[in-house]
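Each in structure tokens, the structures are laid out below.
There are two complexes below, and they share subunit A, which is joined by subunit B in the first and by subunit C in the second.
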Partner chain A sequence: MEERHLTVDQEPPQEAAEVVNRREVRLEPGAEEKLVLQFMDSLNSYLSFSHSLSSTLGQAWMELASARHSMGTARLNTSLLDLKFHPASTTLKITECDDDAKARFVLRKWVSPEEVGEDEDSNSTKSSVPADDDDEAVRRERAKSLSVFGILIPPKLRAAQQSFERALETLVEMANMQSSFLNSFHQLHQEVEDNKE
Partner chain B sequence: MANRAQIPTKSSALIAMIADENGKGYKNYEDTVVGFLLAGVGNVDIRRKTNYLIVDSKTTVKQIEDAFKEFTTREDIAIVLISQYVANMIRFLVDSYNKPVPAILEIPSKDHPYDPAHDSVLSRVKYLFSTESVASGRR
Partner chain C sequence: MYGFEAMTFNIHGGYLEAIVRGHRAGLLTTADYNNLCQCESLDDIKMHLSATEYGPYLQNEPSPLHTTTIVEKCTLKLVDDYKHMLCQATEPLSTFLEYITYGHMIDNVVLIVTGTLHERDVQELLEKCHPLGMFDSIATLAVAQNMRELYRLVLVDTPLAPYFSECITSEDLDDMNIEIMRNTLYKAYLEDFYKFCQKLGGTTAEIMSDLLAFEADRRAVNITINSIGTELTRDDRRKLYSNFGLLYPYGHEELAVCEDIDQVRAVMEKYPPYQSIFAKLSYGESQMLDKAFYEEEVKRLCLAFEQQFHYAVFFAYMRLREQEIRNLMWISECVAQNQKSRVHDSVVFIF
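Right after this comes the complex of A and B.
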């Protein structure tokens, strides 16, 4: 009530608290610029990762085609895929960032069925939990995935597997950047809508 | 902030795929799906339902729509990979999707490179660069 009677020259101390309260409903100018920067950074990273993905997939397709050339079409096609019940070895962990409501994805590669229930370090900022290549369980899971296409696996098929794993890592980075720029976008959009009212 | 979607946290979620056949003529290979299955993302549940759909010449638009709707409503899926060529067939459905999880990522296929201009998510935020929309909110 007291706010309507105030002039520009006179601002009693208690008005400062009410001004602060009004501002809490909207973003402060500094926070807005920060959001715009976050939006632009995330979007730029997303586009960079998508270029990288195209390059990685191109290499992966080439290696797969080379493997098919040496193995023969009959030994490398979707009719051989395992349609019996089996869980995925490579999964994702979804967490929510504490500072803002955006999803964060973490890739977990070659997790054996026994390890599925184990909780990963939730404070990790990495997008991928690296699979220890020396770990017996990781080697076993990788080999199990390749064994769908036979016992004798050519080097190109193993190389293709590695390339598609790299592509997965890039995709998870893209998902995190997408989550970030969408979050910034929604906040900025809300600010624009509030300013219109 | 109003209307913030709840982020469902999960320790073990899947990556789903809707990818098209690559190659021309009668020799068509599903390299994208085969490749990602080699990387270990394939999941078959107890009812023999998979987390991927291979789109070939016999696949109808309805089947693609049903797969997209199923993957985006399943609670155990975190990311849906969809070839941009296939996404173009159900563009209206992809455009109308706006949940944070699962995230939708449009990917290139062998015969159809990725074009950011057609990406639904990028199109949604493109208007932020329009001078009209930004200037109108600044008084």
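Right after this comes the complex of A and C.
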């Protein structure tokens, strides 16, 4: 896109037809169809994730209610949440690639305070970091997050935590799909506008 | 003399036993729960509850209602009943009634201490405390830095003071220490309540021993399951179990080394009263364990009303009312979240 844009600027106006021809020659055959397919795929994925999010969140809220029913309202309420300053255990990084102008959302979960300053490039290729349940560090961070409600907490509260985690991953995937289909739509729209000229 | 309470009980306890049996008759029935389970909104629940003893407590609440509001107002009904009985009671019934609230007092102490550790406002924490567990100097808990100060500044003048002897240290309060403190206090409270009931003797001792032993056993199972996968060592876990109950001492030895739900099940199935509870669960599953325990507890509490001239009816009534409030909380949550298919997962019918 950027290359094309620079080429257009450098060519004198009377050469516009040649520019258009040159552009047509540079395009891959079926590029528009590919963009349409990409748009439809991303939109379909977005809608699937949206349905999945709705059921995951419903399950998570019910598990939280079940944990409250088991522990009692005195042990599980908002006034126990920790207001002391502490680093976030889960971060979201937004990167914007210059080549396709598409925003990418990368979720990094259960990062211990020691890992906060490390380079995150190795994790940036995936849209979310799947939590390895066998990882001792992840298990410790999960337990630390729930320790505001006590150490001896029922399995229902842990299940609620995992459900909300899955919901968060789904949200990030939805954001990526939205970015993808908006980008495809923008490119298609640009193509249509260029063809009109 | 055991068996001759009929001669003397009514002199001091007759009026209050009649009162508590009247309150028992006001507990919600299966028909009430069926109506509540079909409600479409929290306002519908309020409308159905207006015909029950909770009506006066909910009638002035504005819409939209929240589930926490329903629970708070229903709890006020329990508190009013309790305070009426307490102010009419003479010794030893008044001490017995006070014992019933010490569990809530422990929960309130832990709530204030934990909230303060997390830099929360004391007023906000006081609003979340259970009204049955309040005492005069509770707000002063926020200034204590360790358990020694907690005891010296505040708890030495409360009924919980004798329970602190096993957990007084100068270590700073953190999440693990607070959890151990909570369970150690509750263990000491249960043992003290048990000894008090034994001293009362007669039918009270017989029925309360069974109810408190069940409570101690349930606590042991919950501590075991909740501590699986945590940093709590086996020795620390064993120290939190009460020194009475059906599982004491051999069941506790086996529970202390359990590493998963199936091992806990294998231990509990050796005890006939708990076989029926664990028979309702499938292998590896613990979601329905709470409901199974609640159902067994309700059965035992209802049986307490089958005999007269004892204090266990007061304990049974308080616990049944708390179960009813838990039921209402669950029904309200299912209605509010539009998940009415899950209503029967946790509702325990009393009658």
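Keep this in mind: the second predicted complex is superposed on the first by the 149 of 197 C-alpha atoms of A that agree within 3 Å, B and C clash if a C-alpha of one lies under 4 Å from a C-alpha of the other, contacts with A are read in each partner's own complex, and residues count from 1 in each chain.
Going forward, a residue touches a chain if its C-beta (ideal position, glycine included) is under 8 Å from a C-beta of that chain, and two chains touch if they have at least 3 such contacts.
Keep in mind the model is a prediction, meaning the values are calculated, not measured.
S.K.: Who does A:A143 touch here: subunit B (first), subunit C (second), both, or neither?
M.R.: second
S.K.: Kindly classify A:L168 by the partners it touches after superposition: subunit B alone (first), subunit C alone (second), both, or neither?
M.R.: first
S.K.: Output check: A:L81 vs subunit B and subunit C. Expected answer is one of first, second, both, neither. What do you get?
M.R.: A:L81 contacts both subunit B and subunit C.
S.K.: Which partner chains sit in contact with A:P154 here, subunit B, subunit C, both or neither? Use first/second/both/neither.
M.R.: second
S.K.: Check whether subunit B or subunit C contacts more residues of subunit A in the superposed model.
M.R.: Touching more residues of subunit A than the other partner does is B.
S.K.: Using the superposition on chain A described above, determine whether A:T73 touches subunit B (first), subunit C (second), both, or neither.
M.R.: It touches subunit B and subunit C both.
S.K.: Same subunit A residues contacting subunit B and subunit C, which ones?
M.R.: Subunit A residues touching both partners: 61, 65, 68, 73, 77, 81-84, 148.
S.K.: Of all residues in subunit A, which touch subunit C in the complex?
M.R.: Subunit A residues touching subunit C: 58, 61-62, 65-66, 68-70, 72-75, 77, 79-84, 139, 143, 147-148, 150-156.
S.K.: Which positions of subunit B touch subunit A when the two form their complex?
M.R.: My answer: residues 1-2, 4-5, 7-15, 22, 27, 29-46, 48, 50-51, 54, 78-79, 81, 100-101, 103, 105, 107-108, 110, 113-114, 116, 121-122, 124-125, 128, 133-134, 136-139.
S.K.: In their shared complex, at which residues does subunit C touch subunit A?
M.R.: That would be residues 68, 71, 104, 107-108, 111, 114-115, 118-120, 124-125, 127-130, 175-176, 178-179, 182-183, 222-223, 225-227, 229-232, 286-287, 290, 326, 329-330, 333-334, 337, 339, 342, 345-346 of subunit C.
S.K.: Would you tell me which residues of subunit A are touching subunit B in their complex?
M.R.: Touching subunit B from subunit A are residues 39, 43, 47, 50, 53-54, 57, 60-61, 64-65, 68, 73, 76-78, 81-96, 101-103, 105, 108-111, 116-117, 119-120, 141-142, 145-146, 148, 157, 160-161, 163-165, 167-168, 171-172, 174-175, 178-179, 181-182, 185-193, 195-196.
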